[in-house]
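Here come two complexes built around chain A, the first alongside chain B, the second alongside chain C.
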Partner chain A sequence: MYKLRVNGLSAWFQNKQVLFDIHLEFPEKKVIAIIGPSGCGKTTFLRCLNRMHELTPGARVEGKVILDGKDIYSEMDAMEVRRKIGMVFQKPNPFPHMSIYDNVVAGLKLMGIRDRKILDGIVERKLKEVGLWDEVCNDLKRSGAQLSGGQQQRLCIARALATEPEVLLMDEPTSSLDPASSARVEALIRVLKNNTTIVIVTHNIQQAARISDFTAFIYNGKLIEYGETKEIFESPKDPLTEKYITGRFG
Partner chain B sequence: MKNISKIIFLENFFKLILKIATLIIIVIFLLMFYSLFERSMPSLMENGFYILFGSSWDPNIKLFGGAPAILGTIISSAIAIAFAFPISLSIAIFYTEYCPLRVRPIISEIMNLLAAIPSVIYGIWGLWTISPIIKLNFQEPIIASIGFIPLFSGPAYGLSIFLASLILTIMITPIIASISMDIFLKTPILLKEAMFALGATKWEVLRHVVIPFARRGILAATILGLGRALGETMAVTMVIGNSYIWPFQSISLFSPATTITSKIASEFPESVIDLMHNSSLMSLALILLLFSISISFITKFIEKGVKYR
Partner chain C sequence: MNLRKIKNALIRITSTIVVVLITIPLLWIIFDVFIKGISVIGLEFLISLPAPIGEGGGIANAILGTLIINAMACAIGLPLGIATGIYLSEYSNDSTFSTFIRTIIYTLSGVPSIILGLFAFALIVIRIGHYTAIAAAFALSIIVIPIVAKATEEGMRAVSIEIREGAFALGLPKWIVVTKIILGVAKSSIITSSLLAFARISGETAPLLFTALFSYYWPRGINEPMASLQVLIYNYAMSGFEAWVIRAWGASLLLLLLVLFINILVRRISTR
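And now, the complex of A and B:
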């Protein structure tokens, strides 16, 4: 059962093509890692999956991304897509003008949920899920920007999870975190995949091997190889993939 | 090897120049304040609060009431801000969120040009072009339909406090708009994207991210516009009609009126032979200066209070 199917996806910045005809399928409730050297287009690829790419002025997409049988580009509204496909960014970006509480419920408020009891319940549940509850439960009114980097990123994950997205996109979520915080986020990802399909971009090959079920290797905007993580790492079919995962370039 | 003592000397010399430059500004401000105060004293002693609250101004019988001019300044600036604020924000929001990239430079260039036009040109344009148009197409129909409301009663002169407010609006809109544009563009893109990624529409991103972030800057831009409106002299003098009937004899916005600046500009030459007349104009100038100072103090105060949300 495929949650998300990418069909002939190409993307451009102005006239510069950065993704070339990518075909991929993401199984439900699995972790899929996107790896590749810097500038290969992996972040752009991720941003095409929830229609964030088109927010960049001059950016353009062609092809289909099918979520549960519906093309997110032609059959769905961008806001609807982004509600179903959540995103966590490379740099933790909690809203500094909002409290921890308001950060978590920001997406719910956009959906029109204002019932205090419901919101309170979701805040507690989501903060517990990301392991932040014990650290912040006494000062939910504090600004989200006052937390440490690792805490901020977990707050952002809680914010993305609050609206119960079916797919969670993570763009190098641990690259700006210390090792201990990274480990916590990785542990969190393993738990989250019980309910959610997770697509994670990472430049950390070991991380991809540790946490993902499937791995896609992108190079110069082209999908070089895609398959079960075990296979990709143990017997890559393409010599480029082998070179990359053994650390000979990138 | 450079001579150490020479370097230290240069360093100190440079510091001294910076100190002197700063000191000069402070001294000039204090001197200006003092001389205005000194020249206002004769009138302030003689007229007391009449200069603030009095409604008649007749140098021949030594009547120097400044209320119509003071009110003219306040009301024309207030109306101008009330018009310019929403227009400027709309322009800035369109520019940063909706305008195609290719059109952007055209808009920002036009804003800069409009902000740089000398005020006398706005004055001439208001006097010869806008005044007759407003009179014919706006004032007369309004007076004919709702003229029974004192605020909109006739006759239509064209030149009026309303026209002055309108010209001020046109003058300060580019200032407020172009500063607001810069401020909106500085909203951290990461935070806008975070809001978009939660499924927000453009409007929701504006409301929950862009505007909360720009609040202080917009306030500062508005205050700058207000300062320009309060102090604007030439354009206002040319379109306001310089009459003392507003607001005590006719409260209508279509009535000619005056402001502190146009009062001073139009009467200063004749006042030099009459100490009390001259000193009364100086008192008005002092009041205007106090206005500007208190506005910038209030701004500081508000800025401290308005953190995010």
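And now, the complex of A and C:
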């Protein structure tokens, strides 16, 4: 059963096409890595999956992205899509005017959930999930912007998880983190896989090999190869893929 | 000693001298107002009404009047200014229309306040047929609007695209992103500008002469002439009665302390 099916997806910035007719499927509760050289369209692809691409002025999308049988572009509204398909960005972006507590439950509180007991429970659960609880449980009132980079990124993951998304998109979530923080995030991804489908963009080939079940290789806006990570890394079918994963370009 | 060092020293010395030269008159003004004003300030002065012509009395009605007029001006000016800033930053799409609005708003801040007073006089006082605090609040609100609109727009524009996208990615609708996230992040610059606008209108006198004018009694209603510290200072200082002149100094000191207090508050907020 596929969680998400991408059908003939193309994307543009103004008149410049950056994604070309991409077809692929993401199985449920798996980790899918998106790899490819800088500028090939990984971020754009990810942003097309939860309708963030359309926020950029002049940006346009064609094709279908089907979540549980429903096209996110024609059969759902953008806000519903983004609640079901959460996103973590490359640069940690906690809301600087909010406390750690409010950052975690921002998506819920601002949508009208006020019940203190429910919110308290979610804050604790999500911060524990991302391994931040022990570090911050005594100053939940502190500003989220005062945490270290690695802590901020885990806070942002907790924030994305608080609305219980079915799919989580992560754009190079560890690229601004030190090795220890990166390892924590990777461990977290393995746990999250139990009930979430995760699509992760990464520049780190080893990371893709370590944590993903499936890998998609994009080059110049085209999907070159997609399949089980093991196969992609052990016996790539396309010479470009082989060149990329053996580090001979990009 | 080489030439570079001499030049360096020269610049340091001249700039220090200039700073001292411009600080002297400023401190002098504060000092002078303080010395002349402090002697009359006391409980009696602060809580009682003016006495008959030329005698002592207090300035309580003028203190209250300035606060009422300022509060009304802010009640009109802050929401309009903030709304304008929100529009210009988040909803204008940088269209020709918004450029036009922005030019109008920011030109308003350069209009001499006496003209705003005249405008309020022609528009409201003449129509109603008597001087009224409402017209004063209207004139002063036109000073508040551009100050607050500009700070709101700039504060909101400064909110990074990453923060905005973080909010949209949670599935929040635009109006919530704008009011709870972007406005929230810009909050301190909006509060700061509101306080500065309050300080600024506390010193405006010309618009009040055409609008609220003055009264020797407690404010009886907002649609009546109303005393204010500014006009009291103007009237008393020009009166020639010693008891009144000294009260003008006392009122000046109060205004100065108010403005000083607000500025200190603003510094504390913006450096927090």
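Convention: the second predicted complex is superposed on the first by the 249 of 250 C-alpha atoms of A that agree within 3 Å, B and C clash if a C-alpha of one lies under 4 Å from a C-alpha of the other, contacts with A are read in each partner's own complex, and residues count from 1 in each chain.
As a working rule, a contact is a pair of C-beta atoms (placed from the backbone, for glycine too) under 8 Å apart; a residue touches a chain by one contact, two chains touch by 3 or more.
Source: prediction; values computed, not measured.
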Task = Mind checking the superposed model to see whether chain B and chain C fit together on chain A or clash?
result = clash
Request  = Go through the superposed model and pick first if A:111 touches only chain B, second if only chain C, both, or neither.
outcome  = both
Task = With the two complexes superposed on chain A, say which partner A:52 touches: chain B (first), chain C (second), both, or neither.
result = both
Ask   = Which partner does A:180 reach: the first (chain B), the second (chain C), both, or neither?
value = neither
Message = Is A:1 touching anything from chain B or chain C once the two structures are fitted on A? First, second, both or neither.
response = neither
Inquiry  = Quick one: is A:95 in contact with chain B, with chain C, with both, or with neither? Answer first, second, both or neither.
reply    = both
Task = Would you tell me the residues on chain A in contact with chain B in one complex that are also in contact with chain C in the other?
result = 50, 52, 55, 79-80, 82-83, 86-87, 89, 91, 93-98, 106-107, 110-111, 156, 159-160, 163
Message = Under the definition above, what is the set of chain C residues touching chain A in their complex?
response = 160, 162-163, 165-173, 176, 180-181, 184-185, 187
Task = Using the touch definition up top, name the residues of chain A that touch chain B in the complex.
result = 50, 52, 55, 57-58, 79-80, 82-83, 86-87, 89, 91, 93-98, 106-107, 110-111, 156, 159-160, 163
Ask   = Along chain A, where are the residues that touch chain C in the complex?
value = 50, 52, 55, 79-84, 86-87, 89, 91, 93-98, 106-107, 110-111, 156, 159-160, 163
Message = Under the definition above, what is the set of chain B residues touching chain A in their complex?
response = 101, 188, 190-191, 193-201, 204, 208-209, 212-213, 308-309
